[in-house]
Amino acid sequence: MDKLVTLDHVSKHFHVGKGKNLVAVNDISLDIYKGETLGVVGESGCGKSTLGRVVMGIYPATSGKMLYNGKQVNLRHTKDRYVYSQKAQIIFQDPYASLNPRMTVGSIIAEGMEIHNMYDKEKRMQRVYELLETVGLNREHANRFPHEFSGGQRQRIGIARALAVEPEFIVCDEPISALDVSIQSQIINLLKDLQAEHGFTYMFIAHDLNIVKYISDRIAVMYLGNLVELADSDEIYAHTLHPYSQALLASVPIPDPDKEAQKESSVLSGDVPSPINPKPGCPFANRCKHATERCKMESPKLQEVRPGHFVACHLHK
Amino acid sequence: SSSGDKKAEGTSDGGAKTETSSTGFAGTPEEDSYTIDLRAEPPELNSMLTTDVASGDILRMVMSGLYKLDENDKPVPDLAEETTVSDDKRTYTMKLRQDAKWTNGEPVTANDFVFAYQAVCNKETASSYAFIIYDNLLNGKEVYEGTKDPSELGVKAIDDYTLEVTFVNPIPYAEHLFSFSTYYPVNQKAYEEIGAEHYGDEMDQLVTNGAYTISEWVHNDHITLTANEDFYDPDRVAVKTVRYNMMNDSNARMNAFQAGQIDCINLTGDQTVQAESLGIHVENYVNNSNWYIQFNTKKTDKGLDNANIRRALGLALDTQSLCDNILKDGSVPATGLVPTGIAGANDVLYREAAGDITGYNAEEAKKALEKGLQETGLKAEDLKLSFLCDDTDGAQRDAQFMQEQWKSVLGLNVEITPQPFKSRLASMNSGDFDMVYAGWAPDYNDAMTFLDLFTTTNGNNYGKYSNTEYDKLIADAMVEADPAARQDLLVKAETLVTQTDAAVYPIYFSAVSYAVSDKVQNMTRTGFQEFDFTDAK
Amino acid sequence: MEEILKIDNLHVSFDTYAGEVHAVRGVSLEVNKGEVLAIVGESGCGKSVTAQTIMKLNPMPPARIKEGSIKLCGKDIVAASEKEMQDIRGQMVSMIFQDPMTCMNPTMRVGKQLTETLVNKKKISKADAEKEAVRLLQMVQIPNAEERAKQYPHEFSGGMRQRAMIAMALACNPQLLIADEPTTALDVTIQAQIMQLMGKIKDDTKTAIILITHDLGVVANLADHVAVMYAGKVVEKGTVRDIFYNPGHPYTKALLKSLPTIDTKKEEQLVSIPGTPPDLYAPPQGCGFASRCECCMKICRSNQPPVFQVSEGHTASCWRLHPDFPGDKEEKVNG
Amino acid sequence: MQLLPGEPFTAGKALPDSVMQALEKKYGLDKPVLQQLFIYIGNALRGDFGISIPDGRAVTDVIAEAFPVSFSLGIRALLFAFIMGILLGVVAAVKRGTVWDSAAMFFALVGVSVPSFIMGAVLQYFLGLKLYQATGVQVFAVIGWSDFNSKILPAFALAFGSMATVSRLMRTSMLDVLSQDYIKTAKAKGLSQRQIVWKHAVRNAVMPVVTVMGPLVAAVLTGAFVVENIFSIPGLGKYFVTSVQTLNYTMIAGTTVFYGMFLILANLVVDLIYGFIDPRIKLTGGKE
Amino acid sequence: MRKKNNKTTVQTEQYTPYDVSGKISSDAFEVLGADAKSMESLARPSVSFMKDAWNRIRKSRVAVICMIILGLIILGAIFCPMLTPFSYSEQNVAFQNKPIMSPDSVTGQMHIFGTDALGRDVFSRVWYGARVSLTVAIAVALIDCLVGVIYGGISGYFGGAVDNVMMRIVEIISGIPYLIIVILLMTVMERGLGTIIVAYSLTGWTGMARLVRGQVVGLKEQEFVIAAKSMGASPARIIGKHLVPNVLSVIIVNITLDIPNVIFTEAFLSMLGLGIAPPKSSWGIMANDAIKVFQMFPTQLVIVALFICVTMLSFNLLGDQLRDAFDPKLRR
């Protein structure tokens, strides 16, 4: 398979106050292949969204390179970013905050086409109607305002907006976490259908592991800005290697009372350390049962321990 | 009378003065003490530098000079016990009293005068009123310019208690000058100890010799004077303490007066009417100042070089109505440039002798305007006049009145440009005005103080009026020793400048009306002494 | 079993600018001692309103109890005055909320927020209360409890705050603890910590718990009984096993099917429930779920379904449970 | 001497050039303007604002003397504005929608709608003069700044507008706080309304009010110009008005610079207070 | 509730149309399936945010009253000076300080609000003053708004060093009481309407700039702005299309609250003698004149004060109502 996006030692730091450096994404290298869905999971605040935004070019990376289709994109360049913004699109977590409340649904969807000078005015409107129908809304909705829609409908508007510029690559930043259970599946099905139809490449960010497993081809597990494990989704569930991934999987409650009752509890103790000026060593060391002195001193590198299965842990060589 | 004063009458609490109260405004409760509104902070209590009325009011109380003014503005000897005038009326020899003392314990001697006059005539001192010494005293100009030694100035201490003053010209108002603050003595030792920089800045940076001493001075709030125990004539003191408040707001004054927090306040025109209706004791005096319009005779394009146009602008103003309806404080329409209270020859007031020169006449105003327009070839629309005035409420109000008169009588639209006092002066100085509403207070009790302003070379001739005939009349009057002949020259000059040439048009002679509580006695208020409590009998 | 709470036919409305919101439309529930009742349902279906009405925490107005009764340990809540409620709150029933970040007073030390109730309700001295507070913090597994008590909430992590909230709620040994989405705002690993703690509390103190959530996994883990709410009504009620293994209402069924589990195959299509819940400004005349129900029938549109018993202790409101229901020609829902 | 209408005070005789030069030299006005400016700035940095020309006093001295009065007036007004404003705001918020609320907010609206110079004059006339005439007791002095009874009316007149602002702000912020989750928590703990309001809500609600303290100090300072004038209080405001009217440039500049510095200081103090009230803010950094 | 039967009705509460003999006819159980049409239908009519706000304002009695009052004052300011028989400057000095409803001594025409100290008609002056005061107020508010929005928008959007520098400038300007700046400017510039507007505008915009900046800083982290960014939108587009429309409500509210401030300032400047040049009238000048004769002729002050206070009150109240109307928290 062809690589669509390549991240090469990408880091993103935020300056928060004097001498405080928040390491949101720490030295991540990974490839996203054409047509695949890469799932990204991890605790809240571990840098998933930041990674997604760096990939999108919303935040310029502090260091590292990004290649798209084998070509380096310099996202500090307005031109590059402009061109890139048509290829890559993003769907946001919060369907309430991600739509401008002062614009009609039609103009929200049309905005991308306007920016990229796609089609003339009439054709654009035509496209808007098509897109609305694609995501299961109807054309009358184009003149309405976002606040008139329910959460699920808004999320679909967000999807229509992303589709409008005919991208190849879509970052889905927790597109379903804010939705009701009964609505979530609508969106998941829609995303899957669209992918099948258009051959999109997804980077799918979520913290619900069940959904990630269901939708993803490969899964990346992040912890405190670091990529700790990366493998095919079946592989990662079958052979979970990183202690954090193991804990993560074990913590997900199963909607089945009998299985829940049987499940042996392996609750992680302790809290996630602060990402501000992180200490050296493995970020998970303070919560890890297997942590050794070495873990506290030396941060493990991401290594391929099984075919296509990468993990950053001193336990695995 | 109104209900307001009844209430106050019925409820005045237990003051000793309640019974004697005839109007119900008994004033402040403290005995043997008056509180007077001085309205503003005295900026300069160094008698050599002072230029303003408020400082003059305080200095009059705390300083004794050669002469002082009595309650009728007549100069009477103060420290000068015995005066001999030379035949050419230029040299005054005065014997000083020997019991006068400075507050630092030193006796007041002739040298204190010599020191003061010489210091004023020194450029370093930077006295704004230096001219009142160097214009008059022998060799004054030369000493001031440094071409002659200070010892050659026309002032000598014959001995410790004999002073000799020599003038350049015979001066009919010499005694009046001796009562003026610039002619006060200064204690050399104290002055040098305190330093020229700070002399008079604070109560302990000032040494005085008068009837009162400063006992408290809170800047911009009040200043309290207490009778001087070492004063040579303690009987002259009317009351033990006088407290001068400095209040800006006229409503506050009125309220404070009615609430018994103050004994004497100045009243605005409207307040005068109100005070009378409340049964408040209102007094009134002409303060010897005039208000006039000065024309910028250089504004050719606006026709102000034309005497007829200028006269038209003046004649169109119903000054009587201004005084009756707007000012309402006892001010009277000006009939000339010199106000009614100024002394004249042979003990007849100047104004009485000179008679009416100017006055309102709408018909003539219209005619004069027409004539003037013909002469200049201008049209009425060309007269886009602006009228410079102070930005105070009173001045703006007066200006609006006149503006309306010009409009209704002459059909001229005049624009008012109010400016703060200093800006107004600056504009006048730079000739940046068409017409200005200005006032003048006499520096000394003689018509000359009003009339020498308009000679070609005078720095105050902002309108750049120039008439050789006028200049000559004034120059002749300066050296004329005979009072009557001198006065004739002055009246001619006055007629010329206000009527014939109308370079300046007098509007009104201002008066001050004030409310005074029942307890205040022995207060002198005249045009030359705004407040004086040292005339007790 | 001792019945702690009994709600009968509760109706709560909000008078708002746009009209009356029928937030709760005839809810009946009961909770027994030492038992966990889970209330699940869509966002906006009236879970929180029901829970807050038990403590009368809804601002009244705009909220209004239109009908129904609430009996807490035999006490009539609907009729109770505000003064009586102050005694009931904290001592008989207490509550923890969804977002631990906003539920603690940011300007008051955590210890103080704990002792406040103790001093107030149990009338014990300040020093004792402080000791008790530390004990409570230790009970909810907060390390260094003594020092932590002196800190402000912002110095706590999310999980710790939620635990402190639980400690606060348990301070006066209430009979009933209402937990309104206690883990929704938390990470899975932290959620597991809280769930474990709640389970322990249920076992140790025999406190009855009402657990509000929309995460069926959490329900499966903790609950004894489950009430499924939809559009202001309880559509199904029963034990956990009843609900998970023998759901009676199409909504419950669809819910269970709609989310992938770890075992769901990629090729499988998820069952999706089309549409959105009805607007409670104008609740539908018939069954609230009718417009989204695959097997909606004529009667569903026009008449609200009554409560039918599915099995002992298991009830559901669906016309398909009516004795006259002819039976499915082809099982759409279960298929 | 030149005359000001109705106020025969300041002289303004056109001085002979020689005298002018002497004066300019004395005040350093003979130097080039730019040099004067640099000298002024240099001196100002050392706390020397030059000489106030009509009275020859150092501007610094004038400020040192007059400012404490303004400060004491301002503090009273601020305290009054805050205490009353907060009380009103709390009452209005807690009794939201009742007559109390309407009354408090109407009072506040009157406060922001009546300019302080009208307020001052009306208070002086009715509570100062008329009350005195009606009772014969000087409950409130009409003018001056000495006894306690002279300090109430000016402080009130000055505070009124600010009080209104505070109370409105407090009401909004209080309503906001009262709808916060932690208030619900407190209620769920069984605390009484009073405890909730005073122990939990007020402190949090006061924070946005504290942020307007800087602007409020500025408002009080500028308001003092009028009030000091009306009540004849020897503060810096009265001086400033006089300075403007007489174009006393050194005084105007000095006061301006001083007020500017004072306000910056006031804002610093506000920041400190803010940090004190809100434990989330440490003095070293920003919000978390 | 202890019945053995699996499908027993526990309670039947509803009238069922098909229930004739306690049994429901089978056609009632005809399966219809999900109602695709009603599913995605939106019950409420389409309203834009502004329209919605407008609807709420219309429903608020207070706001409507305020708007009517303000409308009347504005109409009065436009037309009354044209309709009155007296001009604002015409004097009848012999007929000064007359109470309301006095027929003129010369023309016999009615002085509805009486006359002032120069015998001018208070009615025409007050309306003429309304013109001046409102013109100043509205002009200043608009200028402030324009400058403040652009400045605050740029500062907030670009953030970082730009923001730092721009905000320090604002701090310095607003660090000095604005009245001092205004007064200083007024002493060097010529007096007049334009000068007041310029002088006040020079300092007045800082409040708006801060407000807008604060809003923008909050908004620019919102996902819809990030969405626009990721769409490749230029900063101008983002500020113009996404940020400004979203701070518009705050801006409108602030304008309504700013206007009373300007009216107040104009009045205050007039009190210091720095207002507009006579004989023109403004409310400030009138209040200042009226205060002088307040103890004798209180009606003069009462009339102007009433106009000032009612206008301020209306703007303030309207501002409050607008704030409520625009408050997203109070929206559903």
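The chains carry the letters A, B, C, D and E, assigned in the order they are written, with residues numbered from 1 in each.
In this section, contacts are C-beta pairs under 8 Å (C-beta built on N, C-alpha and C of every residue); 3 or more make two chains touch, one makes a residue touch a chain.
Not measured: the values here are computed from a predicted model.
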Any chain in contact with chain B as well as chain D: E
Top chain pair, ranked by number of contacting C-beta pairs: B-D
Intercentroid distance (Cα basis), chain B paired with chain A, Å: 88
Whole-Å separation of chain centres (CA-atom averages), chain C against chain E: 44
Chain D and chain E: spacing of chain centres that average the CA atoms, whole Å: 26
Rounded Å distance, chain A centre to chain D centre (Cα mean): 54
Of all residues in chain D, the ones touching two or more other chains: 121, 125, 241, 244-245, 247
Junction residues of chain B - those touching two or more other chains: 251, 268, 391-392, 420, 423
Where chain E touches two or more other chains, by residue: 40, 187, 273-274, 288, 291, 294-295
List of chain E residues in touch with chain C within their complex: 1-3, 5-18, 23-24, 26-36, 38-40, 43, 56, 330, 332
Chain D contact footprint on chain C (complex, rising order): 52, 55, 57, 82, 85-91, 94-95, 97, 99, 102-108, 116-117, 120-121, 152, 154, 165, 168-169, 171-172
Chain A-touching residues of chain E, taken from the complex the two chains share: 40, 42, 44, 46-49, 222-233, 237, 241-242, 245-246, 248, 328, 331
Parts of chain E lying in touch with chain D, wherever the complex brings them together: 174-180, 183-184, 187, 260, 264, 267-268, 271-274, 287-288, 291, 294-295, 301, 305, 308-310, 312-313, 316-317, 320
Touching residues (chain side chain D, partner chain E) in the complex: 109-110, 112-115, 117-118, 121, 125, 168, 215, 218, 221-222, 225-226, 240-241, 244-245, 247, 252, 255-256, 259-260, 263-264, 267
